[in-house]
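Chain naming follows the written order as A, B, C, D and E, and within any one chain the residues start at number 1.
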């Protein structure tokens, strides 16, 4: 067969979202790829400029729909830095709990999607089933399954409901043996190793050249986790290890994500214990008037500029489930942020697609792209 | 008996072969118009059509995750015979689950046109219904009903999987009440 | 690494191209430079100072002028650094960083289509997020959002 | 026991009916209607109709069985709201697909586009007619029925490739090519494994092969052949882990991407027909067909149609194993599949032939009859 | 705590017998879910029913949320028209601009009572409106089934929202405490003309117009033409809706910290 271009996407079972992977193939070999993004570009950065600082949070949940709370956390840290607000300690612990549960939820979603890519049918449902238990926890304190709107500038919306921590421990106890089951279904099978070993190799130096972060970078043996390297929130208070693997291939990425979930469980046990022992306020005491939700915005522009709230630029960078996300919030003293810029880890991971796809087979594309864990929402924003 | 009066049976016999087929067609159409579709067969096909809706498997945005959760172990939409297929040729239900951008709009229309008749569309979530929180954005179609005809809207941001199932059941009810 | 150290390290290489290094919360500093010195700065920062990892490129429209900022990361120093340059609005172009950091490629494409800053010698300056042939630059302040127009609804049950 | 075949039943049926009609008709007509040639012709038609009904019904129940089993493997319920426990679900699917319009893509080759699925379906249905169901229940007494079954079985890649080629889609084309390569690669070990069975049984007639298993089932002495045959059948049936031609993740729906409506239903039905035939062949060749071990109480084997019942039970259990594999294994890659086929399966199947020949030569087969096992 | 465990050091679980282990795992799952899969038979079984959750948890052995709170699920709103004060705060705080204040019967004819009408085709269920509601009359309930064949049916009028309120669904119980450092409505006295607009439109009637002494006109100075009254805001009753600021014709009211 001669060379031809095929379009994998935008509607294709491999993409898990809305993007187009143009592939030039010769027989079954991939010669060149060209990802085409933007099918889910919703102008979130532009809409944010027309919204209040707190109202941007509703967009953050939808930016990355599998890791909404992590993106809320990202934005909130940047906005608080731009506005010079310090959240109370309990709120920080709650945010850490959110992010770690979200990491488990996101990785379970990744697991479900990834095993479907290599043709495993039932683990998809196991992953979704266990993710639903995590979402139940979210629902019990934020009030929604996926779009939480839980964090606020200066704290979080509400404290935990009674009985939450016991339920959380029960779910964690349920999850740990499940991880073993997942490993049995994947690592225990010879076909999985045949399918995924030495596939989609992206070496550490290539990762850094192309700005690849997160589990993909750690699978290449680079021990870099922002929670450890530059602890934000209160991550320096908790005890955990960074998951690293050798091989830089699909199996290594699987191993890293699985280990990250185990480490998240470990962090969560500590955080939940702390939350049990230390009740307290969850909202900072000094929040600008127009910050909290129960206030009317004032129609006339210019009024707030008279008040001269401190101007500033906030930069935050967190270890999102997919990698390093960054936010850059410019506060010009108005009620709306002047400019919000996000750095999506998936955006960078996808931009290196040519490096880790060329030379493999067409049938290898789904496992490799599955191991990258594409979330188009945050990539296109 | 108007149909038969127009093209009597004897006359059809008398017609030449070249004219036979259009005349027979006309007679048949008239017959169906008079008596309606076969009374026994229509309910069967209606029952079959509403109990086996194959949705198109394409994830747009947040709602796609809830869509997937609806096919997960907990809600299991397959109970109602709803099995997602990847190829539009084998689908009869397009669940638009997420924000439709102008960049993907023509592809959505193409997919809709690739689906064989009879086909239905569910707009799941607020983005598909009316653009949702992104409707002011420059790149977003304010509602998928501007592109393809929508049968059922499911509100929610995103709708729970139960709400999605409720929407599918509502569509089944609509098909049951449908008049041809 | 403190802003003063950075300035000491950068000034001899860049000369007049360097405007100054400001402190920036949570980072090593914010290097402000003239666009003529862009490529020199990128090379110095990457090779001499070891900032091997480019995290993002973004643009801000300050109406009078446009700012392009680069966030880079060094593993050894465990520090972020912002490089930022101001460009005149009517003639906004700057040297592309994708020769130094390949990861800049897509970020610069996005910045180009969003805030209308041209990157010279960029290998592949095409539209990335918005469709081909889109003439507007949405993240400019002059681009306003509005409620969608009422379009014809194709519902079967109105 | 008189040898009841499906054809003899249909001949009897048409004969009786036509003679009854002929008895009330005036003389010249009655002679014409009771003409032997006409009765044969009608019998063939009736045979076809019966075959169609039986195979369709079985296939649809099989799909239901797979959906329910798969549901339990996945911790969910599967179809349950249409009919009792979802039994009518597949009928609904079938009727719906029957009513849907068939869209022929532009630039598709209409001859291949329509004949491909139809021929695929028809050949798969013929397969069902060849196989014996119970003692004395088969479509016809054929001394080489096993060979005929396998020959018809191997038609499929041709028709799949024709329909894939003519639908003018890159994914279909790649799926069709993979399918053809895979089926051809696995034909060889499949046939060699069958040769082992034939050596032990000494016949190509499936009924004889089953009678040979009255003392011991062949899976005991021929376990290697069973493994090869099972794996080969998985590949022939295109089920996970060998379902590459319709690998959903990379090729949208494989070679049936462009097919919708009734033609898609043909593909579906033919696939499951082939799955059914595969399970039946496993039961016939290795698991003793309709016979049961001798230690089973006579009450369980003596009721009317016991043979058919036990045969179907065995078939559905074997198919359940296929479903089990589908639920727990990922799919392999094309080149790996072919490498496994040529490098592992063929030596294994040769080994099984050798073992079978050895067993027959040293005459130690009756040993298996003494071991108290399932196959006693 | 456990020692350094990384994925690298953890040996991969290597295949024992090709495919045996995953098949054993699947079979174990099959045995577990043979009698009670975790599927909820949705139209007949509902998760929001706590007794059902209890039973499911016992039957399926999964932590299905006994003791979990469902009351604060954010679904359709419930509106108590009787206590609504038409303060407009919900419409103000809606990030998606899906709330419109429409007139409802009741209230005096001069100032018709206005209650929120919500377009569920736009609402993102963020709960900002119910957080903002000072009287607690707009809450969110656990109802989530909103499918409809008509777009126009997705717009819920205040009466329809009131019906949901009367159906006594569990309502979102989270009430946010008001921060300590709330701003108050301040007056810029020289600009005020005493027009009574703020007092007239205040939904909580917390603004009273007090007489102020009319100053003596100095020679050569012209007194402003105005009514010699000034608004005084009762901070404890004020809900900070900003209506007074937006109706003030002279822009003399503003937010500020009261000394």
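Of note:
Simple rule for what comes next: contacts are C-beta pairs under 8 Å (C-beta built on N, C-alpha and C of every residue); 3 or more make two chains touch, one makes a residue touch a chain.
Here the structure is a predicted model, which is why all the values come from computation and not from measurement.
Shared contact partners of chain C and chain E, listed by label: A, B.
Steps from chain C to chain D, taking the shortest chain of touch contacts, total 2. When C-beta pairs in contact are tallied for every pair of chains, the largest tally goes to A-E.
Every chain gets a centre from its CA atoms, and the centre nearest the mean of all protein CA atoms is that of A. Centre to centre, using the average C-alpha position, chain B and chain D are separated by 35 Å.
With each centre defined as the average position of its C-alpha atoms, the distance from chain A to chain E rounds to 27 Å.
Centre-to-centre, using mean CA coordinates, chain B is 47 Å away from chain C.
Among the residues of chain C, those in touch with two or more other chains are 129-131, 138, 143, 145, 147, 153, 155-157. The multi-chain contact residues of chain B, meaning those touching 2 or more other chains, are 72-74, 76, 79, 86, 88, 103, 131, 133, 135-139, 143, 145, 150-151, 157, 160.
Contact of a single residue of chain D with at least two other chains is seen at positions 71, 73-77, 80, 248, 252, 327-329.
For chain C in complex with chain B, the residues that touch the partner chain are 129-131, 136, 138, 143, 145-149, 151-157. Contact residues on chain E toward chain D in their complex (touch as defined above): 19, 22-23, 25-27, 29-30, 32-34, 37-39, 41. Of all residues in chain B, those touching chain D in their complex are 44-45, 47-49, 51-52, 72-74, 76, 78-81, 85-92, 114-118. The residues of chain B lying in touch with chain E in their complex are 73-76, 79, 126, 129-133, 135, 143, 145, 150-157, 159-160, 162-163, 165-167, 169-170, 174. Those residues of chain A that touch chain B in the shared complex are 10-13, 15-18, 38-44, 46-47, 50, 58-59, 61-62, 65-66, 109, 112, 124-126, 128-129, 131-132, 135, 145-147, 376-377.
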